[in-house]
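Common to both upcoming complexes is chain A, partnered first by chain B, then by chain C.
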Partner chain A sequence: MGEIEQMKKEAEALKTQIEAARKAVHDTDMASAASGVAPAPRVQLKTRRTLKGHLAKIYAMHWSTDNRLMVSASQDGKLLIWDSHSGNKVNAVPLKSSWVMTCAYAPSGNLVASGGLDNMCTVYNLKTPVIKTVKELDAHTGYLSCARFLSDTEVLTASGDTTCALWDLETGKQKTVFLNHVGDCMCLSLSPDMNSFVSGACDSLAKLWDIRDGQCKQTFLGHTSDINAISFYPGGNAIITGSDDCTCKMYDLRADQEVISYQDAALNSGVTSLALSMSGRLIFAGYDDFNCNIWDSLKGEKVGVLSGHDNRVSCTGVPPDGMCVCTGSWDSFLKIWN
Partner chain B sequence: MSSNSAGGLVSLQKSVKQLRFEAGIRRIKVSQAAAELKAFCLQNAHKDPLLMGVPSSDNPFRPPKSCALF
Partner chain C sequence: MARDMSDKDILKMELEQLQKEVKNTREPVSKTTKEIYEWVEAQAAEDPLIKGVPEDKNPFKEKGGCIITCDFLWQN
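Showing the complex of A and B:
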């Protein structure tokens, strides 16, 4: 019993030490540092496309690296591949399980993946004459909330079983398991240099991981509820999170702490999704209240809103060339704005 | 966390090990971090289509001004 008490005391002392170390470098915050920056222009984007085709709630979408194709996932049991320029459907992938929560496009454009309440990540080859299932990645003991391809041979997943995992697509096995969260993992984002990733979970923490050695390198506190969305800031030195506590936050990795919070007393809906403009200046955050709010990431001010969906905005995405933003909703439509 | 003391101890040991690791990292001042984030953002602003606006001639989501009527 004595050893447990000893360990608990040490854990508390370390937490206090970390808090003090963070305070010691907290000589300002982002909004104060950006007080001299000219406000971002009022952002008024128009719907350029409304993509109709899904028959039920859309849960996820992901752009291809070609800036034109995108994949969306709906609980109608389908993945749809869209040509965003024409608005046409290029492919439909029927899913074995309709309880899908995530989808992903491989950087090569050759593969897409989906996963959800089946606890599996299924990978499909789009380039074979008929779309084929390449692998079923089956080892998580909880739902699959997010998947991202590193390449055609490696996939990262986040799961309701509180772990994230790196999979080898050739063997179908987990190469590395990332263990540290104590709540369902809800989202992940790869660093621009692909050496690390961040995860957000229902334990209200965001964590930074080394992809190769599996080590949790940093833990970010501040949210008071589930973190549903997470993204690296371009440049890779900061991350943005979105939570059921109705706020988004920016954490700087090198200062190891929250540097600004994006919130408004009038906003009392949870954040479901987020995406950043190319420079990082604009944050597009989807909320349960059917809107997507646009935030100035440096000054912390709301600079616009995308209204048009008739139900919760469940997913948002900006293609690599930054030319537009896509929102997907429980109303079964995707909209492209710029 | 497990309620049986053996499981609880192992779990605690892992937590302490992780906390020790996290406590040991080097942190830079927020003023320096914020300055660099700000600089990155501002340097890349002119390339950001959603921030600068997309002229319709370059907008793949907008038809060109002249339309042929059939």
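Showing the complex of A and C:
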């Protein structure tokens, strides 16, 4: 048997073993386990703000840790910093490349980052008298799909080149490259304790990584298409994913498997984005069909919908204090709901 | 990057990962999901999007002008 054939055979055997090990602990699922939990109330949120200012599709938004400011990115070639309370624009950052796919706010509030088809992550300082480019993180060989700051000195990125990377902002170099996906990486989410992160990719897999040793610790199967959105559950023991297969799923990290799927026969649009309410009970999932559906994460039932955008909902975000949810759309508007 | 790798190298990478992951411990779903939903239930009481945000404490309440109410006494 050729070497490749041998490896394939061994891989299949290991996959079967892992599948059996998962089955062996699958003594229930989340919906059944949580059957005694009171249903979440029907959620009816109102649009409190419509933020107008972008001139083209919005691709990403991210809340500041101050629960008030947020950054949004549009293919009109701008990052806009908004004061969500007043609805006013606080800053505009012109981008060298208008093909932006992601933006991020540093926890300190001092920096924002953006990136996209330029394959780079550009970091800007908001606190200098004039907003300045601090670093251009240039080493990915594919588009930048997601960026997140760990601090003012470290950034995590996910790329269409199938890798994620941890960068040192002082040197501008990659400290660690996370290689294990075999499809474009589309999204990432940091664990609450900041020691690990999860990534979702076009290989339909979600992977859990140790930030410091660079290793992939766990791989989550189940989706049948690109995973476009991913988020750690607030307690840190589960993750939620959203996919082009029109479903969202919860993966339990300690059971190492899917424990509930959020889907509906009537829904045949891909999931583009997701965000969780502060307790994790509600999942706000943006879809290609212009809506944002609200799911009860424990019961798997749809408990509400945010309708109001005239095009795809491309991004969603809940601030750390959980006081609202923001949706951003290809219709060029952001809406704040609570 | 997986794109630059030969099929053989990709297979090797996948195989090595499976060899690591097969050793992971897995806890019963009944135990792990219970911990998750108990945590969520405890937090949900304070979750603003579930319990609602009172108008007077809502930083996003609709900005509007003052509503001036006038009582007119129509006298004939």
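In the analysis below, the second predicted complex is superposed on the first by the 336 of 338 C-alpha atoms of A that agree within 3 Å, B and C clash if a C-alpha of one lies under 4 Å from a C-alpha of the other, contacts with A are read in each partner's own complex, and residues count from 1 in each chain.
Heads up, the rule we're going with is that a residue touches a chain if its C-beta (ideal position, glycine included) is under 8 Å from a C-beta of that chain, and two chains touch if they have at least 3 such contacts.
Since the model is a prediction, treat every value here as computed from it, not as a measurement.
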First, second, both or neither for A:Ala40, with chain B first and chain C second: both
Which of chain B and chain C A:Gly109 touches, first, second, both or neither: neither
Touched partner set for A:Arg281, first chain B, second chain C, both or neither: both
Partner chain(s) touched by A:Asp161 [first = chain B, second = chain C, both, neither]: second
Intersection of chain A interface sets (partners chain B, chain C): 3-4, 7-8, 10-11, 14-15, 17-18, 21-22, 24-30, 33-34, 37, 40-41, 43, 45, 48-49, 68, 84-85, 180, 215-219, 233-235, 237-238, 252, 254-257, 259, 277-282, 297-298, 318, 321-325, 336, 338
Residues of chain C defined as touching chain A within the complex: 1-4, 7-8, 10-15, 17-22, 24, 26-30, 32-37, 39-41, 43-44, 46-50, 53, 58-63
Contact footprint of chain A on chain B as seen in their complex: 5, 8-9, 12-13, 15-16, 18-23, 25, 27-38, 40-45, 47-51, 54, 59-62
Residues of chain A that touch chain B when the two form their complex: 1, 3-4, 7-8, 10-11, 14-15, 17-18, 21-22, 24-30, 33-34, 37, 40-41, 43, 45, 48-49, 68, 84-85, 180, 215-219, 233-235, 237-238, 252, 254-257, 259, 277-282, 297-298, 318, 321-325, 336, 338
Interface residues, chain A side, partner chain C - complex: 3-4, 7-8, 10-11, 14-15, 17-18, 21-22, 24-30, 33-34, 37, 40-41, 43, 45, 48-49, 68, 84-85, 87, 141-142, 161-163, 179-183, 215-219, 233-235, 237-238, 252, 254-257, 259, 277-282, 297-298, 318, 321-325, 336, 338
